[in-house]
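Here the chain labels run A, B, C and D in written order, and each chain numbers its own residues starting at 1.
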């Protein structure tokens, strides 16, 4: 059977195998793109300006599909504009953490020796720093804007990406073509960028998507602690106000269920997308 | 036609006798296996017929990727999920292909054992070698672990790995040859009736390959088992097997006793295959093996066949020509219009 | 230096740096323990403020405070909290007792069930039952923990009146404590379960197509015998390292659950100490978290090398 | 192996479930119990160390004086109080029918000890060291306080400090750090039997030696809730009988739900405290009076009242001090008038030269105010930023936690902030909210932004006032000062709503401590 598989791979190699997309993959892609669209076209999609104030605590009716909140702002418009915060925090944090993580993993995996020891030592330390207190510290220090929260999460979560990239880099470092390039005298930087990096993208991509997911959950949690960015509509802040301004008690379930559901669906779509990417790369479904 | 007649005279009486009174322990009848892939349906085996007699060793040879592993794996239902299998594999009156997984698990390891190609990957890296050998005993005969381990130790000694430390070691601490012996021990521990060996010598250096094959042959004889050997190494096949079947692009194109095939190859592909051997001058076969998704019509070797004729590529009329021995047992088969 | 020597050295340096961070993080926040101590409608003369500050040792230069901080750590004296009027060690003891009572069973049950169900799901991926399990647990995995806890509190405690509304206990009897802790413990278990389920499922899926699994099948092992005798142990390896990494997340998860169910465990202790800049409590609790995370990592390394002999030989 | 593990796990879960149902409602309460629910969570059982515990402890260790419903100061532990003409000697007679819960009699010596002890060891009473020379006891038991300067509000100050038992507290050298989760000896109608921090409950028992009118309850339980919604649910379900929050109201958004149930009534009182827009007068442009005036016209008071207080209150006057305060003066009503606001800004030289809708300051640079806010004032801040933008004033919200707010407020790193005055905050220092603005005083909630000598002099005059009408004139002067100079702009005067179960009648609320006062607990009884 094994030689047959080689043959199969051979075919896969020369003729680009069309993407086998599982049903859940399609679902993930559909939700993911619809949320991105919602974030991009918020001003167009939103029925009203999210900051404009109507009557407070209106139940859902034809004018306000999801009713209005304690300041009378239309909840549906807030919901649509809220997607922007999640996108900013999600992608900002993910880009940051993946970039640092990949770089650290590459360097420590490729050079090994002292570099490896130092970088792995640093990751141990970063793993042990309690995250929520640090976020509160910096939120207290700087003017808390969403970019800061994204930046901060990026600086905290690169460790797991670094570990994954390092182990992959260690493997690739031993392969023939890398040894060949080294013997041809290419600079290690060139080798890392042109040979090792392309081969670890299939490991980095799912990690990138998963860190988007955890960044979004963290943003919602921080807003719950009341440290969100008040100048920007975000789902986390909506839930926070829903619970602190009587939404929970007076049974205005649409006020907190809508953003809660959006967060879950957006994160779900990102996770499904991540696992689909993994499946296509025949690295089996590793949902970390 | 001349080769056929030469063959008829060359047939020695003794050889055919030894086959006559043996019953066929395993007979594969019209086996077809196809895989659903994104590229379309891959016909990995197309109407394969093969008989394995008691105490007989049959070598299934062919280029890499001609589907020989698929045939063998389908017998013990070890094919991946997207495979669909048609045909029958009769073993002791039962069709193996229609058995449920539970019954099949009962047969695997105890009556039909399989030796994989890549020993260091086929053994679980984090379980001791002796335990992996003893496992079939625990599973099939329900013996307590201690007794099973003793039997495993005994098997290892029979395979020349008697030194004290080995049972306690892990596969990654052993060489490729030693791992292969561990796999053989695991396969042979319940002395199965049929051994299926899938490229056992591949990946091993020359002399350890010979040693391993010698071990397999010795164990096969002492257990009185029949062996179905998959290999692309014709020299090895000649040394150890009684009969040989040559496969090309999912079809068996020629079978017969080793000596007969080596001396008078009938099918042009078999001739070309033999010419590739070092002792015959390393002549490569022109062209490449056809795709199994849209195989060429008629004779699949047609595009590369030096002795091809016009009607070779016609769809109809190509079937297996059989040459029977005195008591009606099949001496030779060949799928070629020349005969 | 041997492998363990180097690893020990790395851990030592890490612990040293972390303890220094524990000293630095609270002090990098604006304000100090005295800022939020006496209440918003109290007029203070500067002299009494200075007097209090010196009593707390805040008027000494930073480096001197740092040295005293190290001396007290080496004497295992975690200092005194001026906000909670108790020595920090006593505070941590009874708060940690509640958090462990909540997170402990959740962690054990969550990871055990997660591993088994995840392994089964990975092994039988595609079956309808597995799709349902994965669907539900994926949804739990993707929801912010505090949100799910609030919904469950509203649904079970208020609407159905099954569980008490707040606090660790009301009468203090064992049954009463169990009654209070059941819902939060179930939520914690659910979160740990969903994380481990996903990891284990992926890990089993990867190991399932390996050659040793096929060989085990060829040896006659049937269905789940293959899973639990061969694949499970190999699939367990990544879980161990991730469980150690996840330790920090589980503690912060406990923080949200404690806030939602208004239980004063470690989580709310740290949150209040942060808001009131209670340095001794922050340093003490960070130290405890560091020790727990480090020991989790050590345990993971130990378990990993015991489970995977290759590691010892690397 | 795994089969058994799976079974074990589900078994564990099952038995926990059974355990939970078995132990429903095992509440052992003896006799008539009154349960109060409160969001003021106690962090440690220290009467003087924990501010919330201190408020609750006033039931077991009542104060010397109390504030009556009309705002006047009356005796509680003291029978009567009088002040000499020069305001430098105060005399308090002590009731003689008060006994500690351990049987000892409360004597003037206890009261004398208390104030000497607090002056020495309690920071919040540190002012007494440089005001009170000595405390002596006359033969007839009257306490005499001789002060080194006239101090008109000594009796008001003494409405906050608990009277402590000498035979217990003299051996405690640091009252701030003294915690006692067990029995606390008290001479009020009830004494603290125990404090359970884990369950967040303080248990009061009837004082066996209480000679006054007999309370109708054997024990009182204060149940504290960290989560406000859970407290509302408990109130609705009947787990607690009434609500109490120090210096705060029941959340307006949850009132209707309680009213729907039909079995709740509300004690409704004007709040002495209020929520106001604090301004950093030490920095441009807030130091400019016309800028402040313009802002006062830019605020839509009726909308803030509707959205933040849901209409429970009224639009405030420029005089800052709410009508419920004594010596209240009716000053000019604050008005929402955009054109007026823009006119004043334009007149004062704040132009929008580049037409981008944002005004430039006198120095030509665009104004960008820093709006410092805390988590519980995010919504009003959002409204304020919107109002300011409507008149061309751009501002940036900085959302911080309370400790950071205090630090940055003290450092003056802000232009605007929304904060509140508690009832006691309104009364502290020279009364009528002066405590928040006098730049000579510091404190966590205090803004200390007014360094105008005239204002300082006014404060000192109030403190030194010796007669009621003198105090009245100064009060009017302070309120006029506020109306003219607008050091801060009140957003609304709100009502304090305190819900209680209809089955319990006879609540009595005082401006300082709401329903949590000795008289209230003596008059409340269960009618159904």
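By definition in this document, a residue touches a chain if its C-beta (ideal position, glycine included) is under 8 Å from a C-beta of that chain, and two chains touch if they have at least 3 such contacts.
Remember, it's a predicted structure, so these values are computed and weren't measured experimentally.
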item: Target chain C, source chain A, minimum contact steps; value: 1
item: Chain pair showing more contacts of the two, A-D and B-C; value: B-C
item: Maximum centroid distance from chain B, chain identifier (CA atoms); value: D
item: Innermost chain by mean C-alpha position; value: C
item: Inter-centroid spacing, chain D versus chain B (mean Cα positions, whole Å); value: 91
item: Centre-to-centre distance between chain D and chain A (centres being mean Cα positions), rounded to whole Å; value: 44
item: Chain centre separation in whole Å, for chain C relative to chain B (CA means); value: 55
item: Approximate Å spacing (C-alpha centroids) for the pair chain C, chain D; value: 37
item: Where chain D touches two or more other chains at once, by residue number; value: 233, 400-401, 403-404
item: Set of chain B residues in contact with two or more other chains; value: 78, 116, 118
item: Interface hub residues of chain C, defined as touching at least two other chains; value: 29-30, 211, 214, 259, 274
item: Residues of chain C that touch chain A when the two form their complex; value: 6, 10-11, 13-14, 17-18, 21, 25, 28-30, 122, 125, 138-139, 141-147, 150-151, 154, 198-199, 201-203, 205-206, 208-209, 211, 214, 242, 245, 248, 251-252, 255-256, 259, 270-271, 274, 282, 286, 289-290, 293-294, 297
item: Residues of chain D that touch chain C when the two form their complex; value: 1-2, 5-6, 9, 12-13, 16-17, 19-20, 22-24, 26-28, 43-44, 46, 49-51, 123-124, 126-127, 130, 176-179, 196-201, 225-227, 230, 233-234, 237, 239, 247, 400-404, 406-408, 421-422, 424-425, 428-429, 435, 441-446
item: Touching residues on chain C, where the partner in the complex is chain B; value: 210-212, 214-223, 225, 229-230, 233-234, 307-310, 313
item: Footprint of chain C on chain A - complex, ascending; value: 1-2, 117, 120-121, 124-125, 127-134, 136-137, 140-141, 159-160, 213, 217, 220-221, 224-225, 236, 239, 243, 248, 256, 260, 263-265, 267-268, 271-272, 275, 278, 283-288
item: Complex interface listing, chain A residues touching chain D; value: 51, 53, 56-57, 70-72, 136, 140, 143-144, 226-231, 241, 243-246, 248-250
